[in-house]
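Order as written gives the chain letters A, B and C; numbering starts at 1 within each chain.
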Amino acid sequence: MTTPSTTSEATGDAVRLTGISKTYGSFTAVHPLDLTVPAGSFFALLGASGCGKTTTLRMIAGLEDPSGGSVRLGGRDVTALPPYKRPVNTVFQNYALFPHLDIYENVAFGLRRRGIKSVKQQVGEMLDLVQLGPLARRRPHQLSGGQQQRVAVARALINKPQVLLLDEPLGALDLKLRRQMQLELKRIQTEVGITFIHVTHDQEEAMTMADTVAVMNAGRVEQMGAPADLYENPASTFVANFLGTSNLIEAEVTGVLGGTLHLVSAGQKLTLPAARSRADVTAGDRVLAGVRPEKITLAHRDDEDAIPAGRNRVQGRIVDSSFIGVSTQYLVDSPVGAELEVFVPNVERDARLVPGAPVILHWNPEHTFGLDAAQDIDAGTESDDEPAPGGGGAPAAAGAASAVPAGGAGGAAA
Amino acid sequence: MRPIRWLRKNLVVIAGVLALAYLILPNVVVLVFSFNKPKGRFNYTWDHFSTDAWQHPCGVADMCGSLTLSLKIAVYATIGATILGTLTAFALARYRFRGRAATNMLIFLPMAMPEVVMGASLGTLFLNMRIQFGFWTILIAHIMFCLSFVVTAVKARVMSMDPRLEQAAQDLYATPLQTFLRITLPLAAPGIAAGALLSFALSFDDYIITSFNAGNTVTFPMFVWGSAQRGTPVQVNVIGTAMFAIAVVLVLAGQLAGSRRKAKA
Amino acid sequence: MTTTTAPLADAPPDPAPVPAALKRAARRRRSVPYLLLLAGVAWLLVFFVAPMVYQASTSVQTGSLDTGFKVTWHFATYWNALTEYWPHFVRSLVYSGIATVLCLAIGYPLAYTIAFRAGRWRNLLLILVIAPFFTSFLIRTLAWETILADQSPVVSFLNRVHLLDVTTWLGVTEGHRVMATPLAVVCGLTYNFLPFMILPLYTSLERVDGRLHEAAGDLYATPFTTFRKVTFPLSMPGVVAGTLLTFIPASGDYINAELLGSTNQKMIGNVIQSQFLRVLDYPTAAALSFILMAVILAIVTLYIRKAGTEELV
């Protein structure tokens, strides 16, 4: 899986980071990191605040000097180039629109700096692309959040950069607008065909928009791949918990038989396809067996006989249920673990499934994934889950702020 | 019951208006007595109405000369203090460096020092270095005490500026010089203007420090001081009123222009 | 997987080196603040710090203008200055202290009115507070001579309501006049430094969110309690800055004492000025200003520590 840096400077790569790292004093924001982004892709860097994703982005833009390693854009080493000499543009968090210039001049800024005299047509076309033509002579503060966001995109895109960097571009928008802008950005990316690198803490946003997602944690990339691939085959507990939710059951391997791992946890037998286990285990080892809440079917204990054979089963008792429209979310206590989550689509609701009811959780063994039991089982759960940073618009101090560990500046501001 | 409740509710406002009256009263007196034709040399008691002083504002020996000198010093001191102060403010607001705290302290001290102390010590130095008192010593002193005020005003403004705006400019192909000229300077302009305005007012109005460093040179405040002993000419009131009126008109015009630009945009 | 790379498992044994160009740029950036500071700091060092140091040496010199001054470590100058002029020191501190308290008492309601009650008049009121600055303060102080003159309407009124009898009994006026009394000097000091109190007060009050008043009211606070527990504490930075900006210049001022007072109201500023400009006794003038500086710095330091505000620096 590792790409040696000696491979050809493939023309298909828009960005190639080699051993890039960033330290602030004794704090390591980004551990030496290799990353290749294919040209034309919509790439997402996903992680909680303080995981180093913004620092990585800023090193690509040239706004942060790496402590080591190199940055290549389309095969050219740009590590030593200042930001204004790099063919990349950034959509900043909270946009950083120039308050003393109108929308037209904001969008024309990059063209004018490169000495292009007649900008009228290009600016006009770009404003049309983001549907802001009539507002060209307004000042940024007279625009709504969504409009400002589109100006920021237009201002960057008009320069036809090799790579467009987006730093939490939707963080300051409300939920509905964010959904709308996700589609809008995706449409623009398809239309212009430029490589987008999108930094976000919102896993749903990353999965909706990107064709490749890299999940970052504590200055390292935990896993990288297509959204569905990451979701179905998480490689670590962090990815399993951060990307959606997972039920992780600690189990002991009792045997390996024909590509299937046989497990036991608190006396309940489970099976797991060996190919879906990230941990190389044999009988006697421990493993974490994971299953997504929506893969599980919930049956009342009275109906136990109706469950088809060959499915993984776990006994439990409902402790809580909340109705959320399309589905009902249950929390089930069981001998294999507390508070297992189950999403049951609201097709035919079983009136017996109320808190206190004894139930059987069962699922197709093919939907089980295996993880190394040596990891923190709670990595990536809610404690890392932060509200959108900087929603209020308080300018984070210098660039260093992006490297402050979670719970530092961001937590204090909230 | 009603009037008492009204009084209680508006007590603060009444006190505020009285304070404002206290602040404005001397200016009203200056205005009124600029139309006086006093009997003796002292313009303290009202005698009868006259526009003589307004028709001959320079009718007093040396007054307009001192006024011109004060304006000249104020302009030069403003330019000097604004340039030096702005550079210093940028260093303090934008960089972390060894000696930053000490520099902050150095900037703060002149503002925490009674003028008489600063004036006397600078005067002693000039005296012992056998430097001729006059225009240049006054200018040096004025730049010295205006500097801190410019630094404070500009620093506050620069610190409140979002550093990402400059990063965005660099990201959009602006060289450091272009970034400074097109983004940083326009955004910092209100702070620089405030510092310059303050410098001008402080320099033009200074008497205490000037008196220690002027020698035989007479600035406008020094002329007023000297005339206070012999009897202040009515023309001094004319100048005072005219300055007040010009300042108010300029400020109002600036505000009007500002609000019109906002409305247009 | 669509891409072919993955993170390095751990730090590589030999991290990629930082390009030399980057190092050069970083070094250049480190020197930028010093270049920016150079002129301004040099100016202050030569024309502010050096004179202070020189002042210190002058204060222990002896000699005369004819024979020249020499450093003789004559500390008796300090002793003589203190024994002779301590009443002026005390008077300066008392007058400027009272003026500062009066400025706070008069300025706070005005700053509060502008910040919370002025509505669309806010800008006009602010201009009116700043505008007096633009008339030379000497001219305005001379106007107080007119206002407080013996036959002026104000003084006549105060006499008619016998208020001056009260102030005379308190020892701040003499007979039926206001001019040439402590009251006139303190009144002038208060007037002259009032804008220096109002502006910082206004700046910090303006930042107080008006909704906090509603929140306090919602939580059963009376308007007065709201002020005492919410508004005033939040305006503390303004109070500290305003009191310092009033007290420091007032304590060194000699113009109000000169124009509105008599020889009995002379402050330490008057003494320094006359020692320097008229008596030409530079060592005494230097010693006096050094003592004044030390006293002020001590008071300011204590005050800032007590008020717990470092925002000024």
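The rule is simple: a residue touches a chain if its C-beta (ideal position, glycine included) is under 8 Å from a C-beta of that chain, and two chains touch if they have at least 3 such contacts.
Since the structure is predicted, the reported quantities are computational estimates derived from the model, not experimental observations.
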Chain at maximum distance from subunit C, centres defined as averaged CA atoms: A
Contact-richer chain pair [B-C vs A-B]: B-C
Chain centre separation in whole Å, for subunit B relative to subunit A (CA means): 55
Between subunit B and subunit C, centroid-to-centroid distance (C-alpha), Å: 15
Touching two or more other chains - residues of subunit C: none
Contacts with two or more other chains, residues of subunit A listed in rising order: 82
Of all residues in subunit A, those that touch subunit C in their complex: 1-3, 18-21, 31-38, 41, 65-70, 79-80, 82, 211-212, 220-222, 224-226, 229
In the complex, subunit C residues that touch subunit A: 1-8, 11-12, 15-19, 21-22, 25-26
Residues on subunit C engaged by subunit B in the complex (per definition of touch): 30, 32-34, 36-37, 39-41, 43-45, 47-52, 54-55, 58, 69, 106-107, 109-114, 117, 123, 125, 127-147, 149, 151, 191, 194-195, 198, 244-245, 248-249, 251-255, 259, 268-269, 272-273, 276-277, 282, 285-286, 289-290, 292-293, 296-297, 300, 312-313
Partner subunit A, residues of subunit B touching it in the complex: 162-165, 167-176, 178-179, 182-183, 186-187, 265
Of all residues in subunit A, those that touch subunit B in their complex: 61-63, 82-85, 88-90, 92-94, 96-100, 102, 109-110, 113-114, 137-139, 142, 155-156, 159, 395, 397-399
